[in-house]
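One structure, pasted below without further comment.
Going by the order they are written in, the chains are A, B, C and D; count residues from 1 in each one.
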Amino acid sequence: MQDRDGRPLGVAAIGYAFMGKAHSHAWRNVASYFDVPPFEQRVLVGRDAGQVAAAAARYGWAESSTDWRQVVQRDDIDIVDICAPGYLHAEIAIAALAAGKHVLVEKPLANTVAEAEAMVEAAQAARARGVHSMVGFNYRRIPALTLARDLIAEGRLGTVRQVRAAYLQDWLTDAEQPMSWRLRAETAGSGALGDTASHAIDQIQYLLNDRVRSVSGRVHTFVTERPGPCGPETVTVDDAAWATLDLTSGTIASLEVSRVALGRKNGLSIEIYGDRGSLLFDLETMNELRFLDGTVPAREQGFRRILVTEPEHPYLSAWWPQGHVLGWEHSFVHEIADFLGAIGANRAPVPTFETGLQVQRVLHSIVTSSAQSQATILLPPALD
Amino acid sequence: MQDRDGRPLGVAAIGYAFMGKAHSHAWRNVASYFDVPPFEQRVLVGRDAGQVAAAAARYGWAESSTDWRQVVQRDDIDIVDICAPGYLHAEIAIAALAAGKHVLVEKPLANTVAEAEAMVEAAQAARARGVHSMVGFNYRRIPALTLARDLIAEGRLGTVRQVRAAYLQDWLTDAEQPMSWRLRAETAGSGALGDTASHAIDQIQYLLNDRVRSVSGRVHTFVTERPGPCGPETVTVDDAAWATLDLTSGTIASLEVSRVALGRKNGLSIEIYGDRGSLLFDLETMNELRFLDGTVPAREQGFRRILVTEPEHPYLSAWWPQGHVLGWEHSFVHEIADFLGAIGANRAPVPTFETGLQVQRVLHSIVTSSAQSQATILLPPALD
Amino acid sequence: MQDRDGRPLGVAAIGYAFMGKAHSHAWRNVASYFDVPPFEQRVLVGRDAGQVAAAAARYGWAESSTDWRQVVQRDDIDIVDICAPGYLHAEIAIAALAAGKHVLVEKPLANTVAEAEAMVEAAQAARARGVHSMVGFNYRRIPALTLARDLIAEGRLGTVRQVRAAYLQDWLTDAEQPMSWRLRAETAGSGALGDTASHAIDQIQYLLNDRVRSVSGRVHTFVTERPGPCGPETVTVDDAAWATLDLTSGTIASLEVSRVALGRKNGLSIEIYGDRGSLLFDLETMNELRFLDGTVPAREQGFRRILVTEPEHPYLSAWWPQGHVLGWEHSFVHEIADFLGAIGANRAPVPTFETGLQVQRVLHSIVTSSAQSQATILLPPALD
Amino acid sequence: MQDRDGRPLGVAAIGYAFMGKAHSHAWRNVASYFDVPPFEQRVLVGRDAGQVAAAAARYGWAESSTDWRQVVQRDDIDIVDICAPGYLHAEIAIAALAAGKHVLVEKPLANTVAEAEAMVEAAQAARARGVHSMVGFNYRRIPALTLARDLIAEGRLGTVRQVRAAYLQDWLTDAEQPMSWRLRAETAGSGALGDTASHAIDQIQYLLNDRVRSVSGRVHTFVTERPGPCGPETVTVDDAAWATLDLTSGTIASLEVSRVALGRKNGLSIEIYGDRGSLLFDLETMNELRFLDGTVPAREQGFRRILVTEPEHPYLSAWWPQGHVLGWEHSFVHEIADFLGAIGANRAPVPTFETGLQVQRVLHSIVTSSAQSQATILLPPALD
């Protein structure tokens, strides 16, 4: 499956804005550092013909196109990487899977639970035919977080009781910042919740290898009006949200996200407290993991700052000698290395669309709870 | 009022355990560093005659007693400092106020809202007679937090939107730690909630000069059974709690407390995000305040670590030259300096019992919400 | 020896400025937290009769005096605590020891090597008569540094190769800050070197249980003129210094001190690198010690932040429960507890005057090296 | 000059180990993020034909070669990027410049002052013919350090008095780590001194726009013997060094480097203290700069942590939105962007070979001083 008839896998990417740029970087670099099946950056797809052509040239794509429908049908395309806005995810992914293309979709999987359910259905049907799919929760591939998952899986934290997760940004602090499509529910689906809480929820479930079973939460919009071209317009998505999440194991996680937390630039912070050890992580210092081993004598206990740049650390042997820190963009390089590796081995890559749907249901339950005065909402059982 | 008939104020303290030891330290030291009305450490009161006599000798009290009822009636006692367990606060405070003694009560004000209400009634009646009372939320007197309050009051944060408060400890992490009176509802009232959330709630209201108006919350007990002398016993207080708090101004605060957060020793952390500035504080590094001024150019914005040891900082001119950090116990020295200063000036010291009651109501509402599946609970209007 | 004829030890302190205030605090508090021989704060001595009387009253001394010569001869005085300026140390200490009084001298031991040698001679003679003496390098009694010493003594660092020590302050940054006695060689002896490098050098020797055997160094004055009452005056002491120190074991230590390092308030930082472990300390966060255990697998190595507030930590069981940080002033409480403990047990307290002399010789060698274009200077062998 | 006869610039890189890999990454990515003259990755040169061919394929080079002498003469090569070991720098660079190729040389410029002088002579002759050269002190292109330079140049630090620089690593801590060519003087030139002190010295001179005029220093080898294939062998390069550096402006800088500082992975730390402001940087957290503005009131002064990821920051507008940190390797991307920009504009790129020679002379003076018991050594005047 690694290539059809011996030829390299053909890749198409859809979208060339922030995420398209980041994914393109990953496609451009992955084979220099990881052993992956042969592939080619064939087509970059976007809406504006001139801009997408320029982006394709910059980022190493052989051609460009403005017609994703046509591209996902091309015989020389084996993989479709969807970096388009969330409301397009379902339609493109379902079409690509139907056409027998492996699909990678940026997170969150979709804007609604219904879309996500349809995507899962399509993914399951495709999987039965050896056609694979994955949702791009790239932070799973940050070495420090992969290491955190490993330490937890090895039992170094014992029973995890509490998790504190937050994703704080500040780019909407200024109330005079103008209205945009990202602040309208019909285009963006949600605000901080879908964009950043989705990352945090995936991390909680991933790191603990656990699933959320019930939720109490709240969404809120601090800045309810912003300047539009013809006067003030109403913001229809949240700019902050809070939740407590019960996991099936009994762990309780708290969650807080914001786009108006002045001074926090990309502050995904995760604290995990077990009865034998604890872990701390902050995306702004993403090459570090803080680990407290509760089994050493109290006299010498303390959170140790592990600089996750040793060859012993996940993904690191591919890169530089110890002490040379990696950037945020390499989470995508690792993601695509893992994705290609799974495709090459004809294994289902993770996280699956089912995982993406589960995150979507958690997000949806927070909104539901918020509408019901924060009453606790029980989730349907997870699919995977 | 500073002294009666020209003689120094006579002080009695009730309790000689952790809080009694800390308050005794403050009484013993306050006059060396602050200008306060003349006073004498007359009596230390406790249950065990031998132990309280020894403690009195160590901590500088002229005598000891086992009978608080008798002590609060003594003519040579003007001030009663109540460091006894919470369930005794109401009875002692009401008796002392009735006897015309100024009263300082350790936080939380009481174990129940009903007790707190009775105490407020007694305090109001006494206040009309020039007899004063105060609840001991000592963290208001940590210089870094006083500075935080000042910066907020000066508008340096603009409109505060979000607060994140947590008080995390780990002394109950080990499930084999034995049962004690602190883990039984009938003696302790509550667990982490009353002990530590009360501090955090007071800080939120104090720093923002605002009041909680509604609450959604949750209490939880991770370790439900602990070894007793005759086998396992049931823990009947919480060891963790979560809440979101709506303040009257529109600010939303999140709160999380725990006694099983392994690695956090005394982790009261407070983050305050406004639209012009932000502040961070952590009790484990209590001589520091982190302040971000959002009005400087983005290029040079960042949380600055202020070492709060300059003569310009609150309380600091009384102590050492810059850079010489203070310990936790000095929050009590400052508290008693302020208390004595108010008594001397015949002013009502703050925080009042009304403030203590308000905190109690917030705690109670969290419990109520928790019992109602985290539904939002509206508080009665604050008294002060 | 603990008391003469059954009566408490009588203490006299000389000096009531910064150090006198800090020592007075310690005398006032030590017996509340540590088991020490009975003693009384009898006399505080100073130059200004009115001020010293007021200070005596504030800080708990029974009387005051302006005549140290008379005080050190009094029969009811058993201990003399010398907090006077450095140029008076030798004269007072020698007189007090000759009068049979135990002596505690603030660091540095003296302003010159000759004075320090005379003091050692007096101390040795007195010691033979059961009269004890100690130099007050109080930072040895900061729990985190005592813990550091213990870890090193236990071999947790293996062979120590490198030490990096710095003591950075900024109170002389502003060139317009006026001239004072502290900036004249004839009164102050030296600048940053004597005041702060002495602390750092003592720490290096104490922590490693080692001695400096040769030195290359440099002293420098960045601000050479400051405003005096009648115009600019010449600053005749250093405001910064640097050195590399060879220890007898082969360890090499670097040292840097400054009073013009803007932003550093009381920045004594010490880094110790061994072949099995490493330690970091910073006085501005003095309740913390960072320890890296090089024997754990590389994958989980990292500097762990130990909050040195556990009952298992040095001095801590006397104080508060875990997580409640201590202030700078408690280093003196611990120092006096240790001093009194040694007196009570008729043991020689440490650090001895011999240790103080050794530090003095290192300081002197730095000055000598500086005058010789930083050439390496060999020290005479240490006395203890 | 941007291209000859309209064709893209042809690039050859020599070396495919650590530095060759890092430079290749930069060549492969620079045009995606920066506007640079058109160029092509034509040839990768190495000693082992098979390995260099594989590396060329992985890293995006059109061909490979084992003969640098032939490559530097090729008409289709316009730029030679020298990543070979230091002892080859001079020979290759001089040949390439003579052949009219623009040359980029990894730091340090050479292994000896004599080689460096010959290279400067060649560079000056070539420059007169429009052929350019640059030495690769890539850390100048870390955005946080570029920002530091800008702040200093703008006068935000006032007069800089003191600099503390250290470059600490730990990869030679274990005495059982085997002997290698890097530990022999004849191949490596020097140890920590040439490898890491060169970076620190360049930074000091770059950030302050100043030059070292005299030096006192010391080199040392802690582990003098290491296992070779036939038994212990003598290590003939330093594993640690110290120096104090006098700059022409009067600033004094201290320097310490080590390869046995256990726990420090890539710890280039720089502290700069002026009379109006101060800066702190640590390569292990290279996306951050700490800045203290001494002109704000003392009450709110503190080192602010600037996360250098804003579009307003140097190089950042090319990359991701705020808060998305960059990796170490991007310093090379920026370096090559600047190099290509200068070539395209027919400007002399910086840092020049003259700058590289100046660093070499500082290194050499440290060795000389070390051999003369740390006596102070005066440098010849800088060339640029």
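As a convention for this text, a residue touches a chain if its C-beta (ideal position, glycine included) is under 8 Å from a C-beta of that chain, and two chains touch if they have at least 3 such contacts.
Please read all numbers here as calculations on a predicted model, not as lab measurements.
> If we look at chain A and chain D, which chains touch each of them?
B, C
> Taking each chain's centre as the mean of its Cα atoms, which chain lies farthest from chain C?
Greatest centre separation from chain C goes to chain A.
> Look at the interfaces B-C and B-D and say which one is made up of more C-beta pairs in contact.
Comparing B-C with B-D, the pair joined by more C-beta contacts is B-C.
> Distance between chain C and chain D based on Cα centroids, please, to the nearest Å.
42
> For chain B and chain D, what's the span in angstrom between their mean Cα positions?
The separation of the two C-alpha centroids amounts to 55 Å.
> Mind checking the centre-to-centre distance between chain B and chain C? Centres are C-alpha means, answer in whole Å.
36
> Which residue numbers or ranges of chain B touch two or more of the other chains?
Correct list: 264, 292, 301-303, 307.
> Which of line, ring, star, complete and other names the graph you get from chains that touch?
Graph shape, chains as nodes and touching pairs as edges: complete.
> Which residues, counting only chain B, touch chain A once they are in their complex?
Residues in contact with chain A: 161-162, 164, 166, 168, 170, 173-175, 216, 218, 220, 222, 240, 242, 244, 250, 252, 254, 256, 258, 260-264, 271, 273-278, 292, 294, 301-303, 369, 373-376.
> Under the stated contact criterion, what part of chain D meets chain B in this complex?
Listed in rising order, the residues are 147, 151, 290-293, 297-307, 310, 312-313.
> Using the touch rule from the top, collect the residues of chain C that touch chain B in their complex.
18, 21-22, 24-25, 28-29, 31-32, 58-60, 169, 171, 264-267, 283-287, 307, 309, 319-330
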